[in-house]
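The data blocks that follow each hold one structure.
You will see chain A twice below: alongside chain B first, and alongside chain C after that.
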Partner chain A sequence: MSTADWVTAATDVIVQRANERLEAHRRALFEGTDRLFAWLMAGQWLFGILVAHFFSPYGWEGKVKTVHFHVWVAVLLGGALSSLPIALALLRPGWWVTRHVIAASQMLWSALLIHLSGGRIETHFHVFASLGILAFYRDWRVLGTATTVVIADHLARGILWPESVYGIVNPEWWRFLEHAFWVVFALAFLIWAGRKSLREMEQIAEGGAQLEALAEHEWRRTSVLERTAAG
Partner chain B sequence: MALLPRPEPRAPGGVRGYDVVIIRDDSGIERSYTRTAYEHLPLADRVRPLLEGRSRFLLDGEEVDPRVAIKGG
Partner chain C sequence: MVPSAEALSNRGPAAARWLIAGSLWLLAVAGGFGALLRYASTPAPQDDAPPGQWPAATALTRSDDRSQLLLFAHPHCPCTRASVAELARLMGRFHDRLDARVLVVQPPGAGDGWADSALRERASAIPGVRVSIDGDGVEARRFGAIASGTVLVYDASGRLLFHGGITASRGHEGQSFGQQRIASLLTTGKADSDQAPVFGCVLFDGETSRARRQPHVDS
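For the complex of A and B:
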């Protein structure tokens, strides 16, 4: 093999290994975040039932404590919302569909919790906390799915059942735009930070490749020197 | 001898391994890259010169060991 052939072959192998390292790193990130959300989905289910049991009667019917209809909503709808993402996180971690299902379910969980709390404005913070956690994926498309779901939910419920999302019966028609604006505001920074973080992952993989190339060069030079000295 | 590009400002408190890279091509002509320009080269175009010992790393105009330069972040 000529030196030029060796350099070409070594370059290809080193670049391929760098790509594999980066891919492995990203896959580990996706799988780890999927597992995190599996726990979160289970926790939210429990939390939703507690909110329905303790808070919904106050939020929706005054200070009359009964087993509210919302307890069943939290058990059944909450179970439906959590079960698919949990199943996918356990059976297909790292799959792109898994994280998009998780993103959509997480936003629907925000919608359910907002409803259970009677449209309480503080519960809307769940949306922003969820976007922050979804940003762990460092995949802007996942944040895009989440944003689409939450804006569509606010628009639809704002028209059909405004009390459920804003806690009042006659909000301005454009109120969903105000909520959407703050979501997009947060999203812009989360996407920027995610891309920056992804670039750092690439740089780590590329740095490893360059060190590998240096080591190969050193090894080859030393071998040539040793052969020359021996000859 | 290549004309060195102006080094990029040092990040506050940041550690830099290099600010300029000089790559000699097959015909012996040297080309200088700022760190940003070098990092935007395709990986294969950075690996190949390293394999052939054609890359030199500089920090503040002083040549530094390539291994230290790359590890230095």
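For the complex of A and C:
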């Protein structure tokens, strides 16, 4: 084998090893973030029940009180909303479907919490907090899924029930674009940060692969010397 | 990473199971949100004909230089919290044109202290708003209010200008047709309608079924 062939082969090995290291790192990142969301989904379920219990514990007809519809919604719809993401995070962590289901569910949680809190404007911040947490995946496609769900929710409710989204009865047709603008504003920076972080992961993987190759080379050289000395 | 043969053979059935689970999940979530939307946008039963003129029999006094707003409230109704918040906004804007009164309805048979609630305190804290207890709901009956959150606005001559709710849905703060119409009536003297749906709890025991059976007789 010529020196050039040897260098090419060694480079291929390092590149392959760097890719393996990068994939392992990303898989660990996806699985860890999936597990984080499993906890978050469970926490949001409990939080939703508490919010419903705090804001609207009972419905009334005169002196007769019954458990408020919102409490049932928090228990049943909240439970349904969290169930599939938790199941996927526990049974199929790291699967691409898992993180996209989590992204969709997380944005639907925003809609549910906004409802349960009586449309409080402060609860709308949950949307942006969720986008920030979903950015932990460092996968722009996940943010794309989340954004699609937000847009679909805004479009549907904007047509059926505009005041629940915009807080006014007759919003201008472009009001939807104003909301979308701020989501895109946040996304632009989150995607940029995610890609930057991914490049750093690639550099770490390459550095690790080179170190491995050097260590292996050193080990082989030492072994040969030891065998030569022994022989 | 190359998947094992076992993993490959399991992928089909496993993916199908997840697909079924995902479809069921989508159905459950869509159904849940649909039910929530329907609940939030379904108004309470409402009297078709509240007194067109300020009733002579009422014990309530009326301002003769400003419009009189009455808000009938169930003291424990969570939806009415939003109505009180919207009343505060209306009063912030029209405090010089409105004399507002919140009547906390105590249904027949309710014990002492039953009307004491955070909602009553919240209403009392609004500047320019008087709050009183409507014992046995006598005034609510007289003014034809069935649901908590019912707002009636009479002009200075005692003529009914508006009746209905001032929230857009159950328990949701924010603009509503009711508020817009009251604002329009107070500023221009006209509006596209003189009523709006009420979103709130029913004020009297068994009133939901009764309201659906027979129309209210004006007193």
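In the analysis below, the second predicted complex is superposed on the first by the 178 of 231 C-alpha atoms of A that agree within 3 Å, B and C clash if a C-alpha of one lies under 4 Å from a C-alpha of the other, contacts with A are read in each partner's own complex, and residues count from 1 in each chain.
Methods note: a contact is a pair of C-beta atoms (placed from the backbone, for glycine too) under 8 Å apart; a residue touches a chain by one contact, two chains touch by 3 or more.
A quick note: this is a predicted structure, and the numbers were derived from the prediction, not measured.
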| item | value |
| --- | --- |
| First, second, both or neither for A:R221, with chain B first and chain C second | first |
| Which of chain B and chain C A:R92 touches, first, second, both or neither | second |
| Partner chain in contact with A:I14 - chain B first, chain C second, else both or neither | first |
| Chain B versus chain C as contact partner of A:A230, first or second or both or neither | neither |
| First, second, both or neither for A:L108, with chain B first and chain C second | second |
| Touching partner for A:Q210 - first (chain B), second (chain C), both, neither | first |
| Comparing the two partners chain B and chain C, which touches a greater set of residues in chain A | C |
| First, second, both or neither for A:F69, with chain B first and chain C second | second |
| Contacts on chain A seen with chain B and repeated with chain C across the two complexes | none |
| Chain B-facing residues of chain A, complex | 7-8, 10-12, 14-15, 18, 203, 206-207, 209-211, 213-214, 216-217, 220-221 |
| Chain C contact footprint on chain A (complex, rising order) | 20, 23, 55-65, 68-70, 73, 76-77, 80-81, 83-84, 87-88, 92, 97, 101, 108, 111-112, 115, 118-120, 160-161, 163-164, 167-169 |
| Residue ranges of chain B in contact with chain A within the complex | 39, 43-44, 46-48, 50-53, 66-67, 70-71, 73 |
| Touch list for chain C against partner chain A, complex | 1, 18, 21-22, 25, 28-29, 32-33, 35-37, 39-41, 74, 76-79, 81-82, 107, 109-110, 114, 148, 168-169, 171-177, 180, 201-208 |
